[in-house]
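Right after this note come the structures.
Two complexes come next, and they have one chain in common, subunit A, joined by subunit B in the first and subunit C in the second.
Right, the complex of A and B next:
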């Protein structure tokens, strides 16, 4: 169980793991066979992110390891999964799900083993040629179990009481992820996603910092976003993904060639808006130009309209790649139209008063994945609205001249 | 025949064990007694220690090996003369007797009566450590409990079988809040069999008495079991106390089918007692001197809350955790937050503004809320309204920050709306009377009244149907306020 199972060779083909979560798929993608971590303080929504992945990821098998976490979270899965259907196969989600339960009140030695049980099960299915996703909630509890056992064995504590081999054990565990040619000649993959629960939400503690070095996708959860009930509370500044370049090819082939460009632009606007918010806190909003005001306020289109996603809303819980792109496209279109209109002299207040903005932010929950026509309809409506404003001000401008 | 002989021998040995007294203590310090070479001792067994004056103290075996047996003496090891100390291993774990007569009684940390009445006798005795519940045997909690407190019901709903701690600080009214919840908690529109288990660890007499008075005034004293360990009583008793209290709670909930609300105050004192023993034992400390197993240890307590399939009863757990110097990242509240299903955080700022209950909304959370509310349980719009209030209040706090820098006059119209929203929200929605019991419909209507201070464009978490039904922005602005 502690030794990885053999395979013929590593396979470097790339295919994104689609989770139906916009912030994950579009902004910080993960590939099949990749490794990711979800760190966050308590209440930031680690478990919800993990459960959403377990629900909607386009894998053949999902293994959910409840490692030192709450009993009721596993009950939630046991209760809700049989009632849900897999959007990719149309069958009950429970049929492809395996649970490994070691709740926080169960023996610690078993907790140390539970992660290995999970990954060995994953390898068993991988060897049969399946794409497996293993979700471990939480690797911090596993590390603590390691610490407790090490303490009992009288081993020398290094950082915060953790044994010296913490980093190498973590690395060895995550190394069991990957896409391989199996001994039988097929191809399978294991994607590892580990939650990390840093004490006090401090990302510099040993487990988080070691994990950060190992994984290639890092979905950092932010307390501030969670406090404002912005879920999934994935922080777009702290998070990173090393798979963007390789995924952009897939998106270009299957969805739209402009994906990489749009993603980068949206991230740029988000960080620009953060910067502006800092300036406003120093000198007040009056100091900003209309363009900057528009960026500052218009960023809500991306935050509310794209990034924020309700796991409880049946229309929004799973978002197909097509819808993800359509929403991003729509928000950028509105943003660009706004920039153009500002150049024509439309006051920023008038833009911000447009009911269109609130409608756009509600689009995600208004139209389901099958209603792409309606989304296109909204785009046309938005265009004509902007056209009207443009004409009005163009004439205005002429009259003034 | 031979089988019988083996059993016989085993019995004799065990019997011999609890008959014999050992006098080989090799050292005693900070509540721990070290014994050498006692064979056949089990971890967690009860021990009685008799000293030279004939006084008996209770103890528990906390470590065994070939060389040494470590005994934690619950009343402390002061004045023990090692030459004249006799130790008797009782060969039984800590147990509490259980019977329906337990309701209305008061015990100390070890489950011995402290109300002047005779001890409870029953054939049913259970180990205080309980046993972990297989998640597959649990039932998912989803029955909404109405506490009559808007900030709890509307934004952080409590459900039956949840563990929801109150994170507080010294001088904040956590006891009054817990007492109000005990008084007012009920299912909307239903009366049912309930009981309260109250576990006090290291609290002052006046705090313990405040709870007793509350229970007695609201006429529930006969349904309450109290476990008291006051501030001047042995700290080590606090390690057994919550376990004894939860064993009683489990009996009441899963044998007698009652809905049990367990209030524990203060878990910080529990963790400090744990640290005291861990340091004395020489365990490797993790953060702030607390042992690495603090998480598992707290989980053993908190995870005993919940519901079991096909049993009508439930255990709802409400521990009070006082945050040392109001620091939510301190190991005790931090690890508690990782185990419990949410937290209610009290704010010193709101308390100073005179808001009661001073619930700090942004960090407060109820994880089980999503499944306990909604169409058939509370009201169809409940979840979205709660999300909207959170989002709008977060935005309002940003605006307030801004206003404190550039002055309120410089704000835009919409920002000024946010400012008046935040005032009204804190004073009228979060704030309420200590004896005010608001129904859930009342709470949600109030929420909409406050949201009507904001224009509908700003409300993107609710849907258009909600807005059409409940939102009255124009009217709100037209009214002189």
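Right, the complex of A and C next:
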């Protein structure tokens, strides 16, 4: 059980693991057979993110290992999971789910073992040719179990009391993820998603920092975003994904070839947010140039219209890749149109007054995944509004001449 | 302390860590300790002594109690009946425990992870006849475990050889032998719906 099950060979075909969460799929993608970590301080919505993944991920089997979390939290999960329904079949989600539960008050070796029990079960289903997602909540508690055992054995404590082999154990665990050709000749995969609970939200502690070196997708949850009611509270500055290049091909084939370009541009605009927000805090919005004020509006568009996603809204809880791209496209189109109009001399106040900005932010919850036509309709309507402004100001310009 | 006087017994109890005297234990091996038959795992060896980390609380355990080695490391039962299940860290089925004992699991109780009484409809893989050669990981047949998932019954890792017999479509429990394989060493292995 502590040894991996055999397979024929590794398979490097790439297919993204679609979770229907915009911040995950579009901005920090994960592939089937990939390794991801979700570090987040207490109360940043770790469990919610993992439940959304368990619920919507396009995998055949989901294994949820509740490792060393508090009993009442696990009871929550044990209560809620059987009530969830699989969006694809409409039947109980439990039919494709397996729970391994170990609370923090259970004996420590059982907790250390639970991760291996989970991953062995995952390998068993992988060998049958299924795509398996295993969620381990949380690897920090597991590392604490290692520490407790090591302490009893009198092994040398290293960083923060963790044993010296912490990094290699973590690496060995994540190494069991992957997409393989099975012995029977089929193909199956294990995607490992480990939650990390850094004490005090400090990402430099040993478990988080070692995990960060091992995984290729890192969904950093932020307390500030969660406090600001920005859910899922995935921080777009701290997070990263090493699968962007490989996923861009899939997106180009199945959704739109401009995906990688748009994603990069949106992240570029978002990265200016912090700096601009600091200036606004110091001297107020009046000190910004019209272009900067428009950028700030663009940031709000992306945050509200794309990044934030309500798990409780039936239209928004799962977002198809097509809708994800359409929303991203729409926000960028509005942003670009605004930049053009500003160059023509349209006052920024005029732009900020436009009611379509607020409508665009609510698009995600207005139209469902099947209503792509209506989304396109909105895009046309927005275009004509901008066209009207453009004509108006072009004529002003002529009149002045 | 007279270590040699009483072999196969508990020497020292220190929280969840128990020192036992049992010369042939390997690290990682499973042991049953005491009259309650508490389960544990050997994590270190010093000469004749072995350090055992227990999966269950060790209150009231004392030196001198008997120890039995099980001869295998911690294993997982793999077979139909896993999906929808809720297990703890050593694969004890928590729903069944809750039904029998309430919210807390008493010590020394052993319930197999997979339900032995449930019958599954086993369908052999099409085209698979006795006399065929099978390798580890090959698909023997399948069981429709839930509506969405067909549970494929695999030849366990480490087993390969000639298929002597495979049963036709039938309703069986996980303990039933569904196939027999003659290995290259000439032994006959019975394959069930589950393996470890």
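Worth pointing out:
The rule we apply is simple: the second predicted complex is superposed on the first by the 369 of 401 C-alpha atoms of A that agree within 3 Å, B and C clash if a C-alpha of one lies under 4 Å from a C-alpha of the other, contacts with A are read in each partner's own complex, and residues count from 1 in each chain.
One rule holds in what follows: a residue touches a chain if its C-beta (ideal position, glycine included) is under 8 Å from a C-beta of that chain, and two chains touch if they have at least 3 such contacts.
Just so it is clear, the structure is predicted and the values come from calculations on it, not from any experiment.
In the superposed model, A:388 lies in contact with neither subunit B nor subunit C. In the superposition on chain A, A:280 makes contact with subunit B only, not with subunit C. In the overlay built on the shared chain, the residue A:78 is in contact with subunit B and with subunit C. Once the two complexes are laid over each other on the shared chain, residue contacts for A:183 go to subunit C alone; subunit B is not touched. Once chain A of one complex is fitted onto chain A of the other, the partner contacts of A:70 are limited to subunit B, with no touch recorded for subunit C. In the superposition on chain A, A:61 makes contact with subunit C only, while subunit B stays out of contact range. Once chain A of one complex is fitted onto chain A of the other, the partner contacts of A:110 are limited to subunit C, with no touch recorded for subunit B.
Once the two complexes are laid over each other on the shared chain, residue contacts for A:141 go to subunit B alone; subunit C is not touched.
Of the two partner chains placed around the shared chain by superposition, subunit B and subunit C are both touched by A:101. The intersection of subunit A residues touching subunit B with those touching subunit C, taken from the two complexes, comprises 78, 101, 106, 108.
By the touch criterion given at the top, residues 14-17, 28, 40-41, 43-44, 51, 53-57, 73-76, 78, 82-91, 94, 135-139, 146-149, 151-152, 154, 157 of subunit C touch subunit A in their complex.
Interface residues of subunit A facing subunit C in the complex, by the touch rule stated above, are 1-2, 5-8, 60-61, 67, 78, 86, 89, 91-92, 94-102, 106-114, 116-117, 120-121, 124, 127-130, 149, 152-153, 182-184. Remark: subunit B residues 132-136, 138-141, 161, 283-287, 292-293, 295-296, 299-300, 302-304, 306, 328-331, 334-335, 337-339, 341-343, 362-363, 365, 367-368, 370-371, 383, 386-387, 390-391, 394-395, 401-402, 405-406, 410, 412, 456-461, 463-464 touch subunit A in the complex.
For subunit A in complex with subunit B, the residues that touch the partner chain are 41-43, 66, 68, 70-72, 74-76, 78-79, 101, 103-106, 108, 141, 144, 147-148, 151, 157, 160-161, 197, 199-202, 223, 226-230, 280-286, 300, 304, 310, 312, 353, 355, 357-358, 361-362, 365.
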